[in-house]
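Consider the two complexes below, in which chain A is the common component and chain B and chain C are the respective partners.
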Partner chain A sequence: MIRRLDPDLAVIVIAAPLLWFIPAGFKSYGLYVVSLWLVMAIAAMGLNLTLGYAGLKSLAQAAFVGIGAYATAILTKNHGVAWPVAFLVSGALSFGVGVVLGFPALRVKFHYLAFVTLAFAMFVFLVARNEEWLTGGVYGFSNIPRPVIFGLDLSRALPFYRFVLVVTVVLSLAMWWLLRSPWGRAFQALRENWMRAASLGVDIRTYTLLAFAIGSAWGGFAGALYAPLVEFIDPAPFAISASFVMLLTVVVGGSGFFLGPFVGAFLSFVLPELLRVTGGWDPLVFDPGVPGPLGFSPTGILGLVERARELVAQRRAAAMRAAARPMLEGSEAR
Partner chain B sequence: MTRVLEVKGMKKYFGGIRAVDGVDFHVNKGEILGIIGPNGCGKSTLFNCILGQLTPTDGEVLLEGKPVTGLYPSELNKLGVSRTFQLLQVFPTLSVRENLILAGQEHQGTKISRLFGRGDAGLTDAANRMIAFFKLDHLADQKAGGLSYGQQKLLDAAMAFMAGPKLVLLDEPAGGVNLTMLAALKERLEAINREQGATFVVIEHNMDFVMSLCSRVVVMAEGRVLAQGTPAEVRADPAVVEAYLGH
Partner chain C sequence: MKITFAAALFATVAFVVPVAAEDTVKLIDVIELSGAGATAGTNWKNGVDLAVAEINAKGGILGKKIDIAHYDTQTNPGNTRAAVQRAIDEGTYVVLGPVFSGPIGASMQIAQKAGVPQFVGGEAASLTKQGNPYLFRSSLNQADAMPKLANWFRDDLKAKSVAIIWVNNDFGKGGRDAMIPELQKRGIAVAADIATESGQADFAADAIKVKGSNADAVFVYLNEEESARFLRAAKQQGIDKPLVGETTLLGAKVIELAGEAANGVKGHVGLSVDAPIPGFKTFSDAFQAKYNYKSDHNGIKGYTSVWAIKTATEKNGSFDREALMKTMHGLRISPKDVPGILIETKWNDVGDVDRESFLAEVKDGRQVITKVLPMINP
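Coming up: the complex of A and B.
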């Protein structure tokens, strides 16, 4: 028997080839914007795991992107390390730091936890700005090399975009697998009712740390792509405000929905670029248009889609009941 | 008769309040033990001390003769002790089937094998059997949060049995459940007890439910054991009558 294809997986499989070909005609600026979209979607995917699935309020995702970006910049530019190695190191480093940051989550929850992560985000920003010997301080890092992978030169915009796409697809599939595995269910159990989860044998400590660490690792992976994409990094994109934008991205897209980060990252990172045509009036569109709808759909854009689907299912069930009624009443009469 | 659970000298003080003040009891294999007592007599605190949700001030818990005092709830569950809570505790956005798979998955293999193995940890069939056993078939794919209170209570109980536990502690399973649903729940519990030899401890206020379901009853009052015995013995005990009805 062929099982029905999971809708999230179907979207990845269908969207990947479309995204491979459609931007082929874009100019380098357009390619930069779509690349940025995918990179930030990876980071948001990580936060969506920590926040959306496991329910752990974190306000430090941009800091993990920063850790990945600086690690990749330092390794590839200063030490001549190959990009794939720097990529793995960035993820591993963020994973390790994520474990450490996860420990407070074992003690504090909700907004208390958010404050702890906020302090951490501030700390990372200050290190990036002040430790000039390591990070270049406010002057940052310039001329970060774009990688050559298996002899393919990715320095031009289109090949690099396609490379970003491939990495995004691989990380999306890995995240999809993780979330549909028993681990994903355990993370959701953590969010919905950790006390009940513990009574069913779910190891709260380990899963909490893992939710933080894996989510952070995706931030680090995104950073490893961000550095060669922009080719220049300074502390500003990893400041606290950027972590708030990551939060907005996850929540607006649909926290706890697999595809939410892609929708959210489009609104947070692509829409502002499109709104440049308004010539400076973009906050008038963005501010009511993007966070505004949360007023009537707290579960984000994909929450609306879910609600619509439930409504259709309800209507269909009601129609079936209505159709069955004459039959039932007829049998009663007899 | 083998003792599945033995509680010795259990005490739990909150400041000056002696919620549980030296309780001893045991549970034999295959029996349904009821714990009754007026509100605030320390039943739920006793449960939470046994199950690692609270750290007891003093006392010992033995599971099949081995000390398990102060273990984490998840560790105790891995050893075969399962529970339900007084207030409803299901995972509202997961479907009924997903709730049941979750309730069993941590007992399958290791974390690593679960990550790379099947998404349902091989439990879909077991979950479907449990759904059929508790007569929730028509609700299998519904979100648990959308079920009626009584249906959620059934699901809650079903989850406690997913991993084939040695011992199940039920904290007020009848609370807020209508009579039809209550009869269904009682019938299902009796069937599991009969067919799988599962051992239960039930905290309850509903006297009819306890007296007809349990083979032995422990009566608590003010943090202590007031009386214990068969339902008939307990009902005839003057101390019990006084604790419940006053002079």
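Coming up: the complex of A and C.
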């Protein structure tokens, strides 16, 4: 029997070429916004692993994006390091910091863990702002170069967007593979019932640290793309409020759904730009429109879609049962 | 899948924007209408709208009406960058705004690369140090204002020590970094150096630190709302030393928010509707009539920027952006020729402005000008 193509993988395979060609007609602004969407989706994907799959509440994802963005800016601008190297260093650095931050996660759970990560996010912001010799302080870094890869100059908007798309697809496939691997199962076991997972031989300590570190690494990768995308960084976009937006992004999209981060990042980062047409009334649309539905669907937009699908499936099953009943009754009578 | 496709379709429709009609000139104002800069940004926006209405009523620029649009930056550098990019894609003749220095720093390269002049309301010294020929200020560079103020600390207040309280963003830090060497050059000690947060709500602890420093005078360099909160805290803590500021601290919005606590505040102001310059009075009356409140210096910045663009463009006789950039460097506009410029203004070769400025004091909830200071290079 031929195995059915996994729907998440199918979406990646179909969406990638569409996203390659559709924005070709966009102007720089449109390309910038779509690029930002993908970059933030990568960061949200990392948080989705930590929060949605492993169930660890983290309020520091924007800080990891900041670590990656600053590492990339410092390496490529001040030291002339090639971007791919800076990209890997950013991810590795975030991974390492994620392991260290993961240790308290072994001791504290639920919202106490959120407090620990909140303190960490504040710490990163303060370092970025006050250590002027390293990070440029409140003045930030300007004129961050866009990379040249294999002789391809990515300084223009469309080539850079397509480059971001390629990196996004690669990281999505890696995440997809990870989630279906035994590691991904272990992460979910951790979320559902850590005690039972432990009794089945899952090493709680290792997997908790890994969930944190891999999620953080994805944040670092996103930061490595964010710095050359915006070409300017200062501490503001990595402040605590930005980590809350990342959390909203994952939860609204549907935490624990593979495609949730893409839907969430669209609502958090693209929708406000589209709502500019409302001429300043956008908070009136955004505030009740985006976090509002969580009131009746705590599993986010994709949770809503899944519930609808289940409802349809149940109705269909009920109809089949109803259709089968006369036959069953007939057979009983006999 | 469906979601992705619908999103792509929606995005395509939204991002492929129509080109402006030929009989108008498009001006896009990228400005803080929400977030920490909302007070400053709203004043700027209203000033711009007032100038546009007046200019359009008189036939526009070179016979073309101005088509103005305002994009909110939420005082966020990333959003500002997107908005400036959008303004350029939509073919704006000039980018107006923003006011806060951080967002300006994040977006000025975009306009420079596209060859689009940008008129900003920022005062941070770093902005015009970067060699961007397309950037023009609408108010004094903080580095030019500080020596004037330091002289005043020494000569009029006879201060031997000064406590500095500043907001830790690039506006506040830039002002502090410009002020401290000026004080030290004049033999004035820095008794306390207190950093505060943007958007900070409670200034009681900072006011106690200021009081404890026992300085002869206090230099307050905060954004609008924070200035008002600090003034209230200073009054509660009974600080009786002179509170001295630069433009913002004596602004109309700060006086309104701080109420009683603003009385007695002194300082240097670059622009003020209360200054004894006839143009400011005319502007202030028109602003009050249209918006039913009193403009602060940001309203004047926005208003005069539009008039400067009109004047330089008509001098060139065309809507050529590069020509506008070149004409602006070294341009001097007098209110005798262009009443809308309000006060004699000169732009130098890096885009800094030079004007007369004022020493002022708040008395009975009103800003009173006590002295007119000359231009730096008249």
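Convention: the second predicted complex is superposed on the first by the 334 of 334 C-alpha atoms of A that agree within 3 Å, B and C clash if a C-alpha of one lies under 4 Å from a C-alpha of the other, contacts with A are read in each partner's own complex, and residues count from 1 in each chain.
We adopt the following convention: contacts are C-beta pairs under 8 Å (C-beta built on N, C-alpha and C of every residue); 3 or more make two chains touch, one makes a residue touch a chain.
Worth saying up front: this structure is predicted, and the values here are computed from it rather than measured.
Bringing the complexes onto one copy of chain A puts chain B beside chain C with no clash. Looking at the shared chain after the overlay, A:A198 reaches chain B, while chain C stays out of its contact range. In the superposition on chain A, contact of A:T206 is made with chain B only, not with chain C. After superposing the two complexes on chain A, the angle subtended at the C-alpha centre of chain A by the centres of chain B and chain C comes to 140 degrees, rounded to the nearest 10. Contacts of A:R129 after superposition: chain C is touched, whereas chain B is not reached.
Of the two partner chains, neither chain B nor chain C is touched by A:K77. Of the two partner chains, chain B is the only one that A:R185 touches; chain C does not reach it. In the superposed model, A:K109 makes contact with neither chain B nor chain C. Between chain B and chain C, the shortest distance over C-alpha atoms in the superposed arrangement works out to 23 Å. Contact residues on chain C toward chain A in their complex (touch as defined above): 1, 3-5, 7-8, 10-12, 14-17, 33-34, 70-72, 76-79, 81-83, 85-86, 88-89, 102, 105-107, 109, 126, 130, 168-170, 172-174. Per the touch definition, chain A reaches chain B in the complex via residues 178, 180-183, 185-186, 188-189, 192-193, 195-204, 206, 256. Of all residues in chain B, only 51, 53, 72-74, 77-78, 82-83, 85, 89-94, 98, 101-103, 105-108, 111, 114-117, 119-121, 159, 162-163 touch chain A in the complex they form. Chain A makes touch with chain C in their complex at residues 10-11, 14-15, 18-19, 22-23, 25-30, 32-34, 36, 129, 137-140, 142-143, 230-232, 234, 236-237, 262-263, 266, 270, 272-274, 276-277, 279-280, 282-283, 301.
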